[in-house]
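These are the structures, in C-alpha cells.
Shared chain: chain A. Partners: chain B in the first complex, chain C in the second.
Right, the complex of A and B next:
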C-alpha cells in the first residue's frame, strides 16, 4: 500500500470517529487544523487505525506524531 | 453489543423523554471515555444519565472535603473506580514487610469512602472490583504467599464481597468477571494506558458500561422477573410428541447432558425468585408427563408458575401468561429454539426480551451467561417463595370461578394481615417493593434501605407495612404506606404502593381503613393523596377517586371523620 492509499484509509477512519463527512486530510494536517481532534478522539483514532491496518503502534509513536504524515510513516513501516 | 463509536453517536440523540439519573463518576485513571460509554448505553436502556466527572485522580479529595463539587452535585449514584494499576503502584511503594497489609489498608479506605459519602448523600454507590494483574514475581507460588500482589488482590476482592454483603447501598460491579470473560489482552491495551492513563481498552468500554448500567437499571426497577421457555429442543432434546417420553434427550442419552445442565440453571433462577413459565406447542398431558415421570428431569411441575402447552399461537399464549402473572412484558424473557417462533413473538410483542439462542444447544448456557439478563439490586428470602405465590394466584383464579358473588369468594379466603411500622426486619423487603413496584404505585418514589431507615427516625413521618395471608398461602409483605405530617390537621400520603399479585382482594379498602383509624387516633382531619402518572401506573389513576377522596388543586383529599369505612374481608393478625 502506498502513502496516498494509506492516507485515504486514514481519512475514512477520521471521518467515522469524528463523525464529520466533510473532513479532508493531507499529510500536513495536524491536530490544530481539525476542530474535534482532541486527545480523547486521538486515542480512539489510534485504536481504530490499528484495527484497520491490523498493526500495533508503540506508546512512543502514539505520543510523537505531529502530523497525519508522521502517522502514515509509522503505518507504512509496519505494513511493508 | 455496540462499539464505543456507536455509543458515542447516541449522545447526539434527544434524551428529554428518558428517566434522568444524576451520576457522579470518580476514578484514579482517565475516565472520560467510560463516561461517554455509560451515557450512550444509558440511552439505549431508557436513561438520561447526567454524569458529573471528577477531575483525574481526585477521589479522596472530592469525598473527604464536605464542600467539594461532588456534594454540591448531589448525585443519586456515585461510581468509584479505583484501578488495579494504581493499587499495584501503591504496593510497589510499600516496604516488603508491609506488602501483606495492602488488602486491609485498601479495604479500610474503601469503607471510609463509603461511610463518608453515605453520611451526606442519599445515593447508591457502585464500586468496581479489581482485575487481576499477575506480576509473576512468585509464579503460581503467589497463591500460598500472602505478601504477593496476586494474593493481596484476590484477598481484597473477597473481602470486598463480604463488606458489600452488609452494606445495602454499596454495590460491586464485577470488572474482574469481565476480564475473566474477555481476557486481559482485550481489557487492557498497554500503549493506550501509557499514553493516556486509561486502564480500560476502547474495545472493552461498552462491556464495562453495560455491566454498570445494568446495575443502575436494576436499582431503578428495570429487572427481569419471569422466564418463559419452550420445551422441545429447548429444555430437552427431541420432540416429545413424536419421539415419546423415553426418547427425549436428557441425562446420559444423546446430547442430554447439555439440557440437564441447562435445566439446573433454570432451577437456580427459580430458586432465586425468577418466575418460570412454560409456553410450548404440545398436547398438555404429553408435555406434563415428562415433568412427572422422566427420571432425568431436573425441573418439576411445582417449579413452574404457569404451564401453557397447547396448539394456539405463542403470541396469544404469552399474552395469557402475562395476564395471569400480571407483570409487564418488559420484565419477561422468552427462550425458544425456533427462529420462526422468536421472530413471530418479537414482531407482535417487541417489549419481551428474546435471546437469539445459538443453533447448537451445547452453546445455550455460555451464550445466556454472557447476556447477564437477571441483574438485580436486592435479594431477600421472600424472592425464593415467589413461584409459590404465583401458583396459588393461579389456583385462586380457578377457585373464584366457582363463586357467583365476589364478596362470598373474598370471605371464603379467610384473609389476615399483619400491620406494623417499618423496622429492621421488614425494611429490606419494603425497599425492594419500592424499587420494583411500577403499576400500583401512586407517586413512584424509590427508597433505598438506608433512606427508609432514616424515615423511621423522623418524627413527622408514619410508616405502615402490610402482609396478606389467606387459606392458599402467605403472600408476605405486599403493601407499604408512608405518611408525612403536612400540617396540624393534614397527613400527606407520600407513598402508597402495593404488589399487583394481591389486586382485587379488598386490600386497598383495608389499607384505607387502617389509615383513617390512625389519622383519627392522632387527631388529624384530612388525608391528602397525590397521583403522579408514569408510563406504567395507569391502573391507579382513579385510585383515590374510587376510595371516595375528592379532588382539590390536583390533590385528592379525604375527610377522615366523614369517610365511611368500607366493607372488608381481611382481619388484623
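Right, the complex of A and C next:
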C-alpha cells in the first residue's frame, strides 16, 4: 500500500468516526484544522485505524503525531 | 500586589516606561527587566518563597540542557524523573502534606486506632501550582523532542516567573512563551490598545461583579442554616457567576498586561456559560489547565486504556477530572467536584455523542438555549461543592436547598447594590454573547463611530468607580 492509498483509507476512517462526509484530509492536516478532531475522538480514531490496518501502535507513536502525514508514516512502517 | 491595587498600578507604570522607553530595542535588557520585575512582584507577596522559585527554575534549566544533550534514553528518563520528583514533590509537600496526614488520621479513627501524627504549619507558596506545571511541561517537551532548551537562562527564568501569569496563570506552554521571549519585541499600538480594552473588561468583571457577588454570597453561605431555600438558590447562582467573573476577569487582565508588553499568551476562557454540554464546557473553562492535563495525563492514559473500549475512555476521563479537582486544593470538596464532573461525561460516552456532535446551525436556537440553561443549572449545583468548606457542609446545603421554602421570596438586605450587580451580570452575559466569536468582549472595532466606543469605555469606568464592592476580595484562584 502506498502513502496515497493509506491516506484514502485513513480519510474514510475519519469520516466514519467524526461523522463528517465532507472531510478531506491531506498529509499536512493537523488536529487544529479539523474542528471535531479533539482529544476525546483522537483515541477512537486510533483504535479504528489499528483495526482497519490490523496493526498496533506504541503509546509514544500515538502521542508524537502532529499531522496526518506522521500517522501515515507510522502506518506505512508497519504495513510494509 | 493585586492587579487591582494602587501599588501594582505604580509598579506597572514604572515597568512599562522602562521597558518601552529606556530598554526598548535591547532584548537582553528587556528580558532582564521582565525577570527582575517578576521577582519584585513575587517578593511583594512573600519574599521567602522567592528562593524556591529561583531554585526550581535553576534546577529545571540545567536538567533541560542535559536531557537535550544526552544520547542515552535511560539517562534522559532519569534526568526527567529528577525534575518531576522535585516539582511534584514540592507541590505535594506544600499543598497536600497536611491533607494526607489528616485523611490518614481519620482513616485510622474508623478502626478506633489513635494515630499520633502531627500536622505541620505549612504556608502555601503562591503560584506554586502554576509555575510547577510550566517547568514540568518544559522538561516533558524537551524529552519528547517537541522543543529545544531555552537559549539562555534569563529567558527560561522569565518564562517560569513571567509576572502577568505567575500567580494564577494562564499556564503558558514553553512553545508559546519561550520563542516570544527569544524574539525582539516592537511596540505595537493596536496590540497594546487591545490589551488595555481587555484589562478594562477584566476589571469590570472582577471589581464590580465578582467582588459584589462575593459579599452577597458570603452573607448567604454564612447563614444558610436559617435562610429560606430560595435565598440558598440565589447564593448558588451568585457564586457560579462570581467564580467565573473572578477567574476570567483575572485572566483577562493577565492577557491584557502581556499584550501591553508585546506578548500573546494563552487564552484561558472561551465564554464557558454558552457551552452546550459538559465536554463543551471544559473545552471553554480554564483552558490552559485542561489542555495541559489533556496532553500530559489524559492522552497517555486513554492510549494506555484503549483496548478496553468505552470503559477505558471513561476510566481515563474519571482519573483526569479527579486530578483537575485535586489540583485546586487539598480538600475532599475539590476531589469530589472533579470526580463528579468526570461522571457527567459518562452519558456522552455511552450514547456515543462525543463523536457525533451536532453541527453548528443544525439545531434550533431554542434547543441551543435550553442546553445552555441546563448546563448553567448543573454548574450552579456543582460549584456549590467547590464553594463549601467540607463535603458535609455541601450536602447540608443541598438538604436545605430542596425544601418547600424554595418557592418563597428571598431576603435581600442591600437592595440597590443587589439590583446593580444583577444589572451588571446581565450586561456581562449579553455583551459576551454578542461578542462570542471574539477573543474578548471588548473587541469592538466593528463599531466605527468613535463616540459610541468611548461611551462604552466610560460607561464601564463609571460602573467600576461607582459600584466597586466595599471590600476588595482576593482572587479565588490565588490560593490554588
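Heads up, the rule we're going with is that the second predicted complex is superposed on the first by the 80 of 80 C-alpha atoms of A that agree within 3 Å, B and C clash if a C-alpha of one lies under 4 Å from a C-alpha of the other, contacts with A are read in each partner's own complex, and residues count from 1 in each chain.
Assume a contact is a pair of C-beta atoms (placed from the backbone, for glycine too) under 8 Å apart; a residue touches a chain by one contact, two chains touch by 3 or more.
Computed from a predicted model, the values in this text were never measured in an experiment.
Undergrad: Which partner chains sit in contact with A:36 here, chain B, chain C, both or neither? Use first/second/both/neither.
TA: second
Undergrad: Is A:47 touching the first partner chain B, the second partner chain C, both, or neither of them?
TA: In the superposition, A:47 touches chain B and chain C alike.
Undergrad: Once the shared chain is lined up, is A:78 touching chain B (first), chain C (second), both, or neither of them?
TA: After superposing on A, A:78 lies clear of both chain B and chain C.
Undergrad: Tell me which partner A:59 touches in the superposition: chain B (first), chain C (second), both or neither.
TA: The answer is both, since A:59 touches chain B and chain C.
Undergrad: Quick check for you: in the superposed arrangement, does A:17 touch first (chain B), second (chain C), both or neither?
TA: In the superposition, A:17 contacts both chain B and chain C.
Undergrad: For chain A, what residues appear in both contact lists, the one with chain B and the one with chain C?
TA: On chain A, the overlap between the chain B and chain C contacts is residues 17, 19, 39-40, 43-44, 46-47, 59, 62-63.
Undergrad: So in the complex, the part of chain B that touches chain A is made up of which residues?
TA: 4-5, 8-9, 32-33, 189-192, 194-196, 198, 201-203
Undergrad: Using the touch rule from the top, collect the residues of chain A that touch chain C in their complex.
TA: Residues of chain A touching chain C: 17-19, 36, 38-44, 46-47, 59, 62-64.
Undergrad: Under the touch definition given earlier, write down the residues of chain C that touch chain A in their complex.
TA: Against chain A, chain C makes touches at 144-145, 279, 283, 294-295, 298-300, 302-304, 306, 313, 354-357.
Undergrad: For the complex, give me every residue of chain A touching chain B.
TA: Touching chain B from chain A are residues 16-17, 19, 39-40, 43-44, 46-48, 56-59, 62-63.
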